[in-house]
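Comments concern the structure below.
Chain lettering (A, B and C) follows the sequence in which the chains are written, and residue indices restart at 1 in each chain.
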Amino acid sequence: MTTRYIGAATTIRADDVPALYEGGKFYSPAVAPERTTLLSWTESLLERNGPVTLVRPDAVAPETRCVAICVIGSGAALADLPPSGDEFALAVRELERLTRHRFDAVYPLAAATVSGIAPLAAASQLDVPLIDADGMGRTFALIHHTAMHLGGLSPTPLVIRGVTGENVAITVPGPARADTLLRSNVDVLGGWAALAAYPTTAGDLRRAALTGTVSRLINVGRLLLESSDPDVLVARLAAVTGCRRIGRGRIVELEHLSRPTDFTIPTHPSSVVIDEIGGQGRQLRLELRSEVVAVFADGALAAAAPDLICLVDVLHGEVSTLDSLEPGDLVDVLVMPADAVWYSAEGLAMVGPASHGIPLEHPRHR
Amino acid sequence: MAVRIGVSLGPGRSRAAAVRDRAVLAIATGTDPAKLLAEIVRAGPEPPRGIVLDLSGLLADRVLNRHDELAPVVTIRVVPRAASDPALARHPDDVIERLVAHRHTVPGGHDLFGNELRPLDRATLRLVCKEIEQGPARDIAIVAAGSPAQPRHEREVADALQSAMPDARISAAHEFGGHGLAAREATVVLNAALAGAAGRILDACERGARGIPFQVSRGDGGWVSPARLRTLPVLGIGAAGALRLQGAAHLAGAGDCRVLLDSGPHPMVGDVRHGLAVVRPQAVAGLGTVLVTPTATLTRADTSRVGDVALVKADDDAGELTCVGAAASRPTAWLDEIAFIESTAELERVRRDAQARATAIATANGATPGSAAVVEVSTVAVPYSPSGTVRVRVRVAGEAEA
Amino acid sequence: MSKQPLAPLDLAELLRVEPLSRASAVHLPDPARHVHEVVLAETFDRLHHAAPHSLVVLHHEAATGGWALAAALHAGWERNVSAIVVPRPAMSSSSAVLAERLGIALLVIEDEPVDVALTLAGQVSAPQAARALRVALCAERLAEQSSIRGVLGVLNSELAPVPVALTVGGTVTAGRAAGAAEKPGGTTVCVEINAAGRPWAELVAAVPAKNTAAAGHVESVLRLARLPLLAAWAQTRVHSSAQAAREQAAFGLLRRLVAEPAAAAEPADVEVPPWTGELGWRVEGRNRAVWISPLTATDGAPAEELTQLVRAAWQRHRPDWPLVADSDGWISWQNLPDSTENNDEAGMRRALGAVTHAAESHALVLGVGDAHRGVPGLMRSVTEARLAAHVARDGGPGSVQWFDQVGARAALAWLPRGQIAEVADLCLAGLMAARDREALVDTVLAVLDCGGSLSQASARLGVHRNTVLSRVARAKELGLVFDDPARRLALHVLCYSLASVWLPGRS
């Protein structure tokens, strides 16, 4: 495969989908999105409907109406309950009915994991362009953990649609309640749902969203597909994403409920303990929620959310998902800076280590 | 130590090895399995203590090259709504989809925790039954959303079909556990497609063995009884990889090591822990589709230089290693489940239950009662799921009944 | 009153009193590490400002679980704190590994951390009060002990890492030998223990150089141990006299077995009773007895204290040989396998050589019998040894006599020589009044010993034959007429008795 760098405005073809998927995995290393179904469906859509246009928000008219698409809920639920195919398009149609506006473009709420692919499928079905921007630049647990929210945009009105064929529409005055309402409805719908939210315009997205995050997935995905050598991989990723390796080691322990559980956030806290091999032989301790939220090296905070922390399986040279870890696995711990907006005071307050019950100063601030 | 025999049956040449401790006493090759078996039994200094057959080469050949000879499979999905897009209605991998003659969807299904998402649509079920009855196919695969947690809908569909067609061979996905509808469907379709062929292969093996009892290798490098393989033939898929790794480790006398298989055009590496190949549910080598039954993880050798475990280099003939691995293999079981916990005490209970169940399965597979021990157990939180959702994996290995 | 320097408490001291006495030490690299203050850390900010040598009790936010403890250990390591105290729910096995890796003391408590921290703060700010409390607790524990070993056990656990030993006459008899060893730069604390007004033993503790400040405390604890030790010693004495009585009775039984050989044709066939094994005695095979007795004959059994001393001396050198008090002395024996002809006299000589010094200082003599088979053989050997011991009395304190070198002469040892000598005063008044009576008696004894041969007698006495002749003539004048065969034996015995009675005075 040759590396074709994706620029500001281009199209996404069926054969770009595997790279988009790999990149999505890298930016949300927690879950192994059900690979075959969603991937082959999206590829098939693009083969049938033709390529989807990918545009930066500043390359379209500012009044262009945009809606964010996301797979909300658990990847494991999606894997066992694949979409019947109309969920994303019908969620958008329902939101159009509520807002009495047609949407001219879609964008990912979080350009990562399957939520990086679903907007592409929706764009193909709705025959609209995909905006090269998103709200997180990775995945965060709650629906208002977005750059749009920091920019004053509301997540609601929003619509979710489940595989069961049921819709739920939510409108709230305060964004923090949206996630609470959403969460219990998603459980009833089978653990995941198609989400259409943050109805806005391209002009607002220029100001409030993180741009270039979709094309970045494809570029990183290609690197990942090309190399199975973890050392080469880390070197290349360092050049593209600024990621660095904290250490390499063997998983020695998985601890559960290792911190008090705050039930407003999905997935209970757990920890992974790694004995570093080589280097200083440190004890690396990873604190997990739905993502790796902090890394301690011999008790010193080495990296923390919103940093993107991921594990690379050294034997296979691929990203290890958090639900596949086993004691004995040899892994590289990689850390990559998130988008700058998350290191602002408001950003850190929302998604920094303290939001996960770790009231320590972020290492990038020391 | 007793003499043990491992046999790797191929579509072309087959191989057999007689092994005692770490010594290979004799090797035999041939095309007629019955002759090969007689020869290797004769070559040993004493009657063998056990014989283990690897059928994975034969089974893969049926699926890849002779699929038109396999029985056509009728596949039934039990999900809340039928797929609205043809790409989602079919299985994404051709190797599976071409085995399917007809597809039906019966509305129903559960979530991961066993909560019913939609009541089973019995009217549709009756129509589907009638339609299948009128067709020729009698190998049926059923997969329902959420069936590992709640197999009720799958069972009801299977019962309805069986009472309508007493001669039908029905495979239901909850018998295999695992995660992901696509992988579970692939597993159950393969199982249904192989049911007839596996029975014929085993008949031939039993004739050839002339009363000497034997066992059949599983994808995870363990073995099951032939009777069990007749109903669950997909368990035999992909065994050769794990057997080669275990064979190389066995000859080197290493319990924990990384094995470099250096005989083919592409050197491959894989890990062995506690004498068992590291396995996981994944795309089966050569088949190109993900199954829920775990198989060995073999990767291209360029990563073999990293690591902190002993490296065993094996440039022996791949078939020979497979035979040694089969001869030295043990009865095993594997469990991969989702559970819900609210406290660490509950986690312990969930873990204990899973271990007890895996141990029971290993004993059913032929392990001496009391000999089965947990080799590996891991519990991880499932990301973006309700707090307390854990995935539990247990691997159990026992000793052969004397 | 001189003011004591306020030595700060160390971790070992804190761990001995409530509330940390209930804590479990997951990792304790240096128990002697000082604690200068106590910090109750609710937040990580507080932890990051902890002073060096403080003991940090984690609480609330800082004790929420795995990562929190890991972060606290790291902060503690950065701040050089003495120890981290954590509530049980926040503990995990990986934290134990990290504590070890960072070399930080980690203590786990079940109690409420706030209460623990408050109590600890009180203890650390008033170390003398904490020590006084500790001494009181220690006294209670010491009083509970009923054995010397138990008392030393309490002392060593209480004062750890300072080793404590009990020495008697400079030899370590209980506790840790390191207590009696000098350490460079360290201080040795000695406390003497008197029993019945005499020094009996010493408690010795070796205080390492780095906590010599604790020496005063060590001494006060050692003093506390004196009374319990004396009580335990008295107890031991009661026990040992009971043991002695038991052994005495057992030996008496053995003796009766031989005296009443019910149906045994051969005396040597007396079966060895199984209870001899329980006493640690070996009787099968051949036995060679040793008789130990006081130099001067006493009426009845020797003093119990003397038995203690003999037992102590014997056990130090020959712990595997029995020691039984019997009439006016003590019996021990060497057991030899039946199979060998070797009598292992060398082994016996080594044993005797080892106890000679003790025998001399306690005015004891020893007799050794021949080796004979079985229980009857033992009894025979005992009799022989006893005879030999009586002969040994002639050689003074510490003398040893082997029976095979005594022979019939042993009979003489049994003569009531003193009484016989008194007879001489009556029937040989003339001789006894003579100034040269000793020379005359010696000469007559030599002539009689030599069967009347004057020349042999003169050679033995080392004087001229004529001198012998003239002394014999003078003796006869004074009534010592031994020509009459009817009187010769009586006069011979008389002379022998007089000579042996006078012997000690002349030497």
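The definition used in the following text is that contacts are C-beta pairs under 8 Å (C-beta built on N, C-alpha and C of every residue); 3 or more make two chains touch, one makes a residue touch a chain.
These numbers were taken from a predicted model, which means no experiment stands behind them.
Nearest to the overall CA centre, using the mean of each chain's CA atoms, is chain B. Pairwise, the chains sharing the most contacting C-beta pairs are A-B. Chain A and chain B have Cα centroids separated by 33 Å. Averaged C-alpha coordinates give centres for chain B and chain C that are 74 Å from one another. Chain C has its Cα centroid 80 Å from the Cα centroid of chain A. Contact of a single residue of chain A with at least two other chains is seen at positions 269. Residues 79-88, 92-93, 109, 111-112, 117-118, 145-146, 179-184, 258, 269, 271, 273, 278, 280, 290, 297, 299-300, 302-303, 306-308, 338, 341, 343-344, 347, 376, 378-391, 393 of chain B are the ones touching chain A in the complex.
The part of chain C that touches chain A in the complex is made up of residues 43-44, 61, 64-68, 70-75, 77, 92-94, 97-98, 101-102. Interface residues of chain A facing chain B in the complex, by the touch rule stated above, are 30-31, 34-37, 39-41, 44-45, 73-77, 79-86, 141, 162-165, 187, 190-191, 228-231, 248, 250, 254, 256-257, 261, 263, 265-270, 277, 288-291, 314-317, 322-328, 330. Chain A makes touch with chain C in their complex at residues 252-253, 255, 258-260, 269, 271, 273, 283, 285, 287, 294, 296, 298-301, 357-360.
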